[in-house]
Amino acid sequence: MKKILWQEMRRTEIEEAAKADAVVIIPVGSIEQHGNHLPVNTDINCCFSVAKSAAEIIDDFPVLVAPSILEGFSPHHMKYPGTISFKLHTYIDVLTDVATSIAAHGFKKIVFLNGHGGNVGVISSMRRKLMEDNGPSCVGYTYFTLVDEELKAISEVDFSIGHAAEMETSLQLYLQPELVDKESATWAPGVSGDPTRGTYEKGKRLFEAAVNTVVTMIQDYHSGKLEDALIPKRNTDPERRKYM
Amino acid sequence: MKKILWQEMRRTEIEEAAKADAVVIIPVGSIEQHGNHLPVNTDINCCFSVAKSAAEIIDDFPVLVAPSILEGFSPHHMKYPGTISFKLHTYIDVLTDVATSIAAHGFKKIVFLNGHGGNVGVISSMRRKLMEDNGPSCVGYTYFTLVDEELKAISEVDFSIGHAAEMETSLQLYLQPELVDKESATWAPGVSGDPTRGTYEKGKRLFEAAVNTVVTMIQDYHSGKLEDALIPKRNTDPERRKYM
Amino acid sequence: MKKILWQEMRRTEIEEAAKADAVVIIPVGSIEQHGNHLPVNTDINCCFSVAKSAAEIIDDFPVLVAPSILEGFSPHHMKYPGTISFKLHTYIDVLTDVATSIAAHGFKKIVFLNGHGGNVGVISSMRRKLMEDNGPSCVGYTYFTLVDEELKAISEVDFSIGHAAEMETSLQLYLQPELVDKESATWAPGVSGDPTRGTYEKGKRLFEAAVNTVVTMIQDYHSGKLEDALIPKRNTDPERRKYM
Amino acid sequence: MKKILWQEMRRTEIEEAAKADAVVIIPVGSIEQHGNHLPVNTDINCCFSVAKSAAEIIDDFPVLVAPSILEGFSPHHMKYPGTISFKLHTYIDVLTDVATSIAAHGFKKIVFLNGHGGNVGVISSMRRKLMEDNGPSCVGYTYFTLVDEELKAISEVDFSIGHAAEMETSLQLYLQPELVDKESATWAPGVSGDPTRGTYEKGKRLFEAAVNTVVTMIQDYHSGKLEDALIPKRNTDPERRKYM
Amino acid sequence: MKKILWQEMRRTEIEEAAKADAVVIIPVGSIEQHGNHLPVNTDINCCFSVAKSAAEIIDDFPVLVAPSILEGFSPHHMKYPGTISFKLHTYIDVLTDVATSIAAHGFKKIVFLNGHGGNVGVISSMRRKLMEDNGPSCVGYTYFTLVDEELKAISEVDFSIGHAAEMETSLQLYLQPELVDKESATWAPGVSGDPTRGTYEKGKRLFEAAVNTVVTMIQDYHSGKLEDALIPKRNTDPERRKYM
Amino acid sequence: MKKILWQEMRRTEIEEAAKADAVVIIPVGSIEQHGNHLPVNTDINCCFSVAKSAAEIIDDFPVLVAPSILEGFSPHHMKYPGTISFKLHTYIDVLTDVATSIAAHGFKKIVFLNGHGGNVGVISSMRRKLMEDNGPSCVGYTYFTLVDEELKAISEVDFSIGHAAEMETSLQLYLQPELVDKESATWAPGVSGDPTRGTYEKGKRLFEAAVNTVVTMIQDYHSGKLEDALIPKRNTDPERRKYM
């Protein structure tokens, strides 16, 4: 079985992947309170799982999953126990150093795949940030905004990712059921939406939709189609707009 | 006629506004190339104009427009002449210092009103950034995402704000026609969309839609409705979701 | 009429100015309390006005006025309403990023023209600061120290720029009389000097002296005479010393 | 079975642990080349495994293992593929933010447990760093220096931890044999010492020694004995000196 | 004989000085090329010597001389051998940390006494810098600008401090003649002014003038007269203006 | 007599030393409380004295002693009077700027020689820190760890350097007896070990051992033997290990 986790590879394996023009996904999430019923690693677990499954599916070129950046930017959750947050300036430096290190070994295509609402602004700024000093090219996406339409179709009450609510509870019931305390899966302060409506089935559907979308995005990135879509053009057709 | 521009006021006038629980809008944009036909201050001019008009309309409580932060985060436009860009770390510090200074004089409600796509991620992160050290409360919005539906309805070809294209050309034909070079209003490298379809009329419609939306947002902020919408709740009804 | 304001220009116009070896003036001032009678933009208004008039007068080569950096370094005025101050580290980064961006488009001659006492030390350090990483050449001057002799001759009581006093009140009565509250133009805490002695006529004289001096300085900078004066030499004649 | 991994816990579980005066271990290591035969996560895997085993053994009070800080300070390994390194300033901020976040939830006893030679200086400085702004108390140790005597006794050729050599190869043969490429387990550039002498048995002995020593250290920290040892005293007896 | 050098004192002696409301002088200069004839410590030697002599003269209250901050801000001299320069941001942090540490021990009156032209802007900004976070009060002066009139009277050719020229050569012939290479005391690149006119006698006169002026300044600072002069007032009489 | 102190040299002398491939020692210590009996410059005095003596002894190639960096990283001593401490980030920048400046003049071999326990971690990290941006090569050692065996042999009660105790008191009785208050040379809070056992003779022996060891280290650095020892190798023989 092919290896996809950077941290489990040896330097020779990583060198080969770079030579084969691999795409490297950096999962970014958070360690933060998710109500009384979900583990604090919910965000990073969701997006790491999407990244891993997407990487496993793609066979035409190597896709590596870099070590997850577990903590994110979560000052708004610090008042609840369990949250570990980087300062904004620290977080930007963390993302910069990791991407720059990866690029230093010859990788040309880096994807930040995000799973935490509080990171969205930072992640979407990293492409420009790395341009400041002629750093490597990268793209950054948040898995649940990539599947916003599917999410709205699957959701019965929240119609957004919310926080520790219908959809994240569903995803965790699918991905890490052993860490979910079903008895406390009700609304509590710090929860945005309705956890009682979370189900394994909804989680499975959203997860699979996210994996499929990320697979396509990575294929488009590797083929040059995504980079091409990001270049200013006269005709901003819908296909291009989905990556803007 | 009432004064709304912070920079034209005297300390006593500003002190009175703080006592009257004024909302302070900080216009943030960019100085960057906008094709061959639009001035480099297009982004800041658009959002400053929206801020100013909205402030003039509201009569129930004072609304001040703080000095515009003219330059923004535009490393992706640096290869074209005229762009002046802050580094990402600098920009975050600029926004922090300005908001913190305003709050130091007793203002409790600060709105970053943004007009530049490259700033969106940073501006949306400022609320959390100021939480890091128990700083003041603020909200941050981008005028053209606040009126995304109206924009899609008005636009004939781009259906997004693009860059120096149909909609920004329209806005500048309405707001600063003397600075637009109509003869060169065609697509050129660095333009995203189709400038040839810009018209005064489209600009007027989008501008007025933006002003109306910002007026409502400021009223909701002042009344506490917007802050309330930002608190995690079980029921994420559509009214709340528009501010999330 | 020729265009001189960077922010109102299009990228093609700025590109042409760079090719024509334009001098770029960056007005730097402050947003800070100026007693009960003057607007908080007094400092930046004074030096922007000087910069603009000087740029209009010079015809032999293009002179552009970059977007004003409105806020400055004013922690000593924060206890009075209306002051917006950058932290010292922020301010240095702001000045660096703006000058570096301008230089990136090919401009070789950058002038920081300052109007705020609290900025003097920072502005005078920027030439060396930009040397640190082989950045662009620049010079920095404060308009009222450039005309210290004329100021002493015009002043009847203060004999220095003071703060919101005889001379700044005079300048604002000349430049922005509609923003001056003449009734409160007396000494108050936070004022340094005597505002009651401010007159339109004194303001006009000091302003014109400043414009003339800045015109000469810019001409000397463009011709190489000023840069030459800054090179260490055996003979430190008075002509050279005025720029040291 | 008791939960010890912070990232797998829910906010209520973490809150309880804080109330019970838990010790929190933060494993810190590196992602860096380890010759041609060991995975790049060798350092963090070794010290995370020690931390986890030690936490499982202690029953008198709760011990949590915080999310590992995977990357470390490894500029000296950047020339070999696979290394991901933080800049020194970034790394200090990362460690500070994580420890400060943990302390914010009421934890009083934080241990940085390090597995990477390049981090030793930084980790040993964190106790003083957190003092700078009256931050939380912490201690920092490197697992292999805590068992330096045992290591010298077990080792046959290197007598030091080296890099990817006798002892680290032994530890990985014990902890992650599936990631070790035994065929390439010989000296290569970037290796310090002799990997051919690594054995499962040596790894097991060193690992168990490290776990035992860390268990004692944590017990001493929880009982106050270690903190007491760090206070300057007249009598620097050997028992105290082992923690200095 | 009384002790004045902080670094030679014991903690009990420093504690007593703080209780006695001592003034603490921090000598700041540079390590930089001073032509072919003067040692690289010329600037810091001059101002340390002034500080030490002034401290020895004052008997009414204790005056301590803190450890000299030897290096300064000298990027403009880096192209000549021997110059050691701090980056601007580093230098500001150095000055902040030293002043903050001194204030932490109860000292209320801190004087930065500067001897290097390149530091003037930074030193004059430190009073405001320390205000940013409610830090200690301080004042900052450059010895040769405090005696500008005397300097002009003593000088025969330069009429300014220049660099490694008439006046600095004179001071070093008086203070450290053993480090001056008289044979090479002529103009050379990097020298500003005329070293050939330096004499022991001129050095002695300027030094004594500087010591006297600094003695008065310190006495005024200790008595509150200088602090009072720095408060904005209506009447900016000449006595006050000398400290502005 | 040959000159060894950088600060007393002229630019031409320093240029010559660089051409002759001189080793430059940067003494780093602290200004911090050392009980009631030792001066606050104890740490920097000890290591500067070692550096100076070592430099005087070596005749085969020039050895310069750069200006001492007097203050160090001492937050743990701030609660006692007299301590002046850099923040950790500041200290790293100070060391970086000084080493970088020295290297800019062509010096290839830089030694940080440390005398303060609190600096050990930082100093040992500087070699890697300078690698981050392809800066100069350097090594960093602490004099008392270089002679740990000799220290243990000389010491009668402490068997470690402690703080202001047996061995530092001995060194100061040898190096600066006039600044030691023998009557208060007993244990007091903030002292680690037993000052009463300090003697001139022990100080002389430890000092001479340190000088000899540093002489050898510098000779090994100059000959390339030390640099060679730092390169990862298969055979980590004891000779190499002493420099690891």
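Chains here go by letter, A, B, C, D, E and F, matching the order in which they are written, and residues are numbered from 1 within each.
Criterion: a contact is a pair of C-beta atoms (placed from the backbone, for glycine too) under 8 Å apart; a residue touches a chain by one contact, two chains touch by 3 or more.
None of these values were measured; they are calculated from a predicted model.
Through how few touching steps can subunit B be joined to subunit F?
The fewest touching-chain steps linking subunit B to subunit F number 3.
Quick check on the contact graph: shortest path length from subunit A to subunit E, in steps?
Step count on the best path from subunit A to subunit E: 3.
More than half of A-B's contact pairs recur, by residue number, in one of A-D, E-F or C-E. Which one?
C-E
Taking the mean of the CA coordinates per chain, how far is subunit D from subunit F in Å?
Centre separation, subunit D to subunit F: 28 Å.
Would you mind pulling out the distance in Å between where the CA atoms of subunit B average out and where those of subunit E do?
48
Which residues of subunit E are in contact with two or more other chains?
Touching at least two other chains: 78, 87, 89, 190.
Once you draw an edge for every pair of touching chains, what topology comes out, line, ring, star, complete or other?
ring
Should the ring be read from subunit B with subunit C in second place, what is the ordered list of chains?
Traversing the ring with subunit B first and subunit C second gives B, C, E, F, D, A.
Which residues of subunit B touch subunit C in the complex?
Listed in rising order, the residues of subunit B that touch subunit C are 6-12, 14-15, 18, 31, 33-41, 44, 66-68, 70-71, 78, 80-87, 89-90, 93-94, 96-98, 101-102, 104-106, 176, 179, 181, 184, 190.
How about subunit C: which of its residues touch subunit E in the complex?
Checking each residue of subunit C against subunit E gives 73-76, 78, 87-89, 92, 118, 120-125, 127-129, 131-132, 158-160, 162-163, 165, 187, 189-194, 232-236, 241, 244.
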